[in-house]
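Consider the two complexes below, in which chain A is the common component and chain B and chain C are the respective partners.
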Partner chain A sequence: MPRQINYYVRLALKNLARHRRRTLLTVLAVAVGLWAFIVMDSLLAGVDRDSGRNVIDLETSHVQVSAAGYFAHRDELPLDKTLAAGTADSKLIKMIRSDSRVSGVTSRIRFAAQLNNGTDEFPVVAVGLDPHRDPEVFTLTDYIVAGRKLQNGEYGASLGKKLAELMELKIGDSFTLVMRTAANTFQAIDLEVVGLVNSPHPMVNTGMVFLPLDVAANVLGLDGRVTEIDLRLGGEEAVDRVTKDLRSSLKSSGFNVDVSSWKDLSGSFLAISQGKRLYNGIFLGLVMVIAAVGIVNSVLLATIERTREIGTLKAIGMNEGDIVRLFLLESTGIGLLGGIVAVGLGIATNLYLVNVGIDLTSMIGDMEVGYPINGVIYGVWNWTTMVVAFLFGLAICPLVGWWPSRNAARKDPVEALRHA
Partner chain B sequence: MWMKRNMYMKRFFIATIFLVGALATGIPAQAVTPLEIMEKVDQQAYIGKARFEATLVMSSRGRDVVKEMVAVTEGSSRAFVEFTNARDRGTKYLKIDKELWMYFPDAEDIVKISGHMLRQGMMGSDVSYEEALESNRLVDSYDISLAGEEPVNGEQCYVLELKAKPGKNPAYATRKMWVSKEKYVSMKEQLFAQSGKMVKVATTEEVRQFGGRYLATKVVMDNLLKKDSKTVFIIKKIDFNPAITPETFSLKQLGKH
Partner chain C sequence: MKVLELTNVTKEYTQGKMQVPALRGVNLSVEAGEFLSFAGPSGSGKTTLLNLIGCLDRPTAGSIELAGRELAKLTPLELARVRRQEIGFIFQSFNLIPVLTAFENIEMPLVMLNRFTPAEIREKVMAALEEVGLAGLESRRPAELSGGQQQRVAIARALIKNPKFVLADEPTANLDSENGQAVLDLMARMNQKNGVTFIFSTHDPMVMGYARRLVRLKDGRIASDEEVDRHAKAN
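This part shows the complex of A and B:
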């Protein structure tokens, strides 16, 4: 029996080698489908990872503490729900810092404003930040591309490079920030552009203005109060646990606050991310169809081309089962080769995607795609996806090859031999 | 996008009407203290019943947008405004106390302007709904002092400085107002942000007498935050005894085609 299998394997390999062009085309069809799956999975996982990083590093931090009721109204950027946490030595901040899993804490005031350049106005989200403590939590200063960092007490501002271009502002220019104070009184202050930011988070680049926390507190009538306390943790895996623990410990200490994780605060991004999983499933289905069409096409052609050969095989004593087995082995060979080529190409492509990435701006410019990401997107290494792709190719080929090979094997040998 | 911008513009017009209405009228009287002067001005804000036909010209960077409208008001608490120029015909606003509704003919629907929408300033910040809906008397919200006397457009005026009272939070922290000594019409008003930055100036360019009442019939509002940006409000016709029925200030009337 083993000899018999070896015989069929050898015969299948010979057949594959004999029809090189057809084998090559079919292998390529399978490989391209599987390769596309590997690459897309890598890019989507990369976008997912980098979007999450951008949200945490530039927008929400790992965990945010705000006044009770703020979370539900956060989109309105209310100034009537604030915390007494303007300085690092506030009781609330000290208590948060006492958790060893918290590696950085800062305070911010987030408010709605209009950026006025003397000719036009543009609605922005303004953020008062502590120039010394903010880098403990956020990476904004890493992306300053012109000018310098903010300093306490100065009437200066950092803003996104694209926003500055839109409003025709450059370093050293002044603009007016128009807003309502916490008491709802009209407020307008002149700020000098001291820094321009070009971050991987589109919202920061196009719609945010940053100014020193003490200046923001002063002009908004919020002395010593802030809208949020932002936390950086030692590791992202601790986010859910720390959020839960802080909720309970702060409550038991008498602080009436909302504690929210970055996932709570970025619902829309996460919704897109979940949608991506569905997209991945659809993509996998398409790959399956592409691979299946390739295999069916190849085996059908082989069958038609080799009708006389099948007749000869049957005439020399091969039965239907032997012929089906032979054709299935050939299909498996195609799947094996296709999988190897796909994984090889996938690794090579991923080397580029992980290390160099794809510059989205050259493809879609500044168009927002729903993800909090722009600039270069990178791939990630996901060996599980490669193994799955390889096994899929290996399984799908014999599966779809079974039906045409059975039909071929059922042909009458006399008729088959007469086949032109 | 156009529809949204157009809607914002309309909001501004209505807000301007309400504000200018508060600035527009005056009656001659004698007053000596700043408080008394201001009370006279405040009293003029309460114009009772009136029906206006007015034109609003918004100028920005040399481009004028002209809106025509008819407004019916009853005191400072109720107003009904309908736009009559071709582009905005059928757009209506209804103000009752501190609530504001809008009828947008394209959508054939009534929308209540509320929540954060009330804080939206027209074209950025000129006049917000909240400002339009403010009906507090200036004497209740501000400490008033007399800073001197100066002529404005040939009218000898009291110069009043208004500073928000502690605990009161009017839209503007400080105001400076030039009130005609003869007519008790605000001839000029400067509005300041909390920071002390002057943001708007309203100047009365024409005052007409209607019976025993003086009325500013042309007011120019300059937005100092925007270069070459101003709004001119011109009252073409006014009737102080219009027919007002219970339906005039109703949602039913607002939603009528």
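This part shows the complex of A and C:
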């Protein structure tokens, strides 16, 4: 049998070379489909990675501790569920810091407000942050593109650059922030723009105002209290473990708190991420349908052109199984070549995507796409995807080639030999 | 020794709603080593008869016993095995596989038998090429060979597995007379040398002249069946 297989493989390769252009086009159809899958997967994984990083660095931190019941209502930004953790020497913060896996801790007050520039008003999420401790956890200060960092006690604010442009504010200008206090009364303060932020997280750029924690606590009537304690960990892999451990250790120490990981806090983003995976699967399916049509067409044409040869092979003694095998080897050859080309192109494209990336601003400008990422998106090396794409091509080609091959093998030899 | 027995063989083809008879009750017995020709005009049933003997088709009625086996009782797989092991075909249009070299075309039946080592196959194929006068042309593809050379390759392919029968449908129809005669000489020589039974069809009187037994067909029936004394004819 191995000798027969060798002979059939040789014959299949020669048959593939018989119509080089047709074979090349079919191989290209398969290769382009698989290549697109590899590239899509790389970009989606890159977007996931960078989005996750942006969420952690600029929005949620690795792990967040809040008052009991805050997590369930977090979208409403309530001020009646707060923690006594306004200062670094609070008991709760000291206890959190005692965990060696925690590398940074800061406190924030997050609240809903209206930004008024004297002419227009715009709803924003305002964040009171500790200018000294915040950089332990968040990277906001890395993205200040104009002005300076906040200082304790000042009636100053950092704004997202796009928000500032929208509200026609620049460094040195003043605006009014209107909010409800913890006692549910209206409060308004005038703040001076001291810094502009242009981060890779669109929400920070377009809808957030940052002010000193002590000022926020004062105007909101939250003396010494905060809405969240944010934690930076030594490594992201520890997030689930630390979240779980903190839940039990803080509870056993008598703290009635919610402990949430960034994944808990970013449910919608992760749901979109899952959706993207499904989309990529559907995309792969569609692309492969197109490739499959090419393969079926190619094998079908071959069986029609070689009808008399099929008759001859049957006369010489090949049975239906032998003829199916012969054509399946040809389809497999197309899949093999398509897979090799796709992986080769995929590696070349990924080299570019990983190192240079695609600048989205040139395509969509400042438009928000509902995803915590903007600027340049990068690819990610995923060798499993390349192996999957290669094996998929190798499997799908003989699979779709089976039907025309079987039809060819069933041809009546007398009719086949008579074929002109 | 009788190697082929046809008893009251009928073959009808369906054309639209019509049943068209191609063979009407053919009875024939063939001994091992015969050099037999079916002769007759187009439509007389020569090719149909060869197809039935060659296990490529089944009769509508009657029985065909080939080398002791009743063909009607064989499954398609068994029929393929009979073709692979016991029958060699030579076609009017040579029917070589165009992407394969002469060597690869000839080795195909041996590969399919799966009994020989690559060295044995090489030895047999080279000997066959020598025998048919194509030594040195083993690397050529069919398109690089003349019609006569292609038919020699086809003869080598048919004989390489040492079959019981070689069936040839109008083997010289696509050749000029010189090449046709050369091919017939070769077939006759192989028949005498190896004792293989040759059954071929023709409507060419020159080809008929080579046959030692001439079975004339007319309208699907055997019109005559005669032994031919080639020596007498030659004299």
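Keep this in mind: the second predicted complex is superposed on the first by the 390 of 420 C-alpha atoms of A that agree within 3 Å, B and C clash if a C-alpha of one lies under 4 Å from a C-alpha of the other, contacts with A are read in each partner's own complex, and residues count from 1 in each chain.
Here, a contact is a pair of C-beta atoms (placed from the backbone, for glycine too) under 8 Å apart; a residue touches a chain by one contact, two chains touch by 3 or more.
Predicted model, so just to flag it, every value in this text is computed and none were measured.
**Q** Once chain A of both complexes is superposed, is A:Thr176 in touch with chain B (first), chain C (second), both, or neither?
**A** In the superposition, A:Thr176 contacts chain B only.
**Q** If we overlay the two complexes on their shared chain A, which of chain B and chain C does A:Thr139 touch? Say first, second, both or neither.
**A** Neither partner.
**Q** Report for A:Thr185: first if it touches chain B alone, second if chain C alone, otherwise both or neither.
**A** The answer is first: A:Thr185 touches chain B but not chain C.
**Q** For A:Arg308 in the superposed arrangement: first (chain B), second (chain C), both or neither?
**A** Second partner only, chain C.
**Q** Between chain B and chain C, whom does A:Thr349 touch in the aligned arrangement: first, second, both, or neither?
**A** neither
**Q** Looking at the overlay, what does A:Glu121 touch: chain B (first), chain C (second), both, or neither?
**A** first
**Q** Regarding the shared-chain residue A:Asn382, is it in contact with chain B (first), chain C (second), both, or neither?
**A** neither
**Q** Taking the contacts chain A makes with chain B in one complex and with chain C in the other, which residues are shared?
**A** In chain A, no position sits in both the chain B and chain C interfaces.
**Q** Provide the residue numbers of chain B that touch chain A in the complex, in ascending order.
**A** Chain B residues touching chain A: 61, 115-116, 119, 121, 123-125, 130, 164, 169-173, 191, 193-195, 197, 199, 225-227.
**Q** Which stretch or stretches of chain A touch chain B in the complex?
**A** Those residues of chain A that touch chain B are 76, 112, 114, 116, 118-121, 123, 176, 178, 180-181, 183-190, 219, 221.
**Q** Would you tell me which residues of chain A are touching chain C in their complex?
**A** 1, 3-4, 7, 10-11, 14-15, 17-18, 308-309, 311-320, 322, 412-414, 417
**Q** Looking at the complex, which residues from chain C come into contact with chain A?
**A** Spelled out, the residues of chain C in touch with chain A are 51, 54, 56-57, 76-77, 80-81, 83-85, 89, 91, 93, 95, 97-100, 104, 107-109, 111-112, 114, 118, 157.
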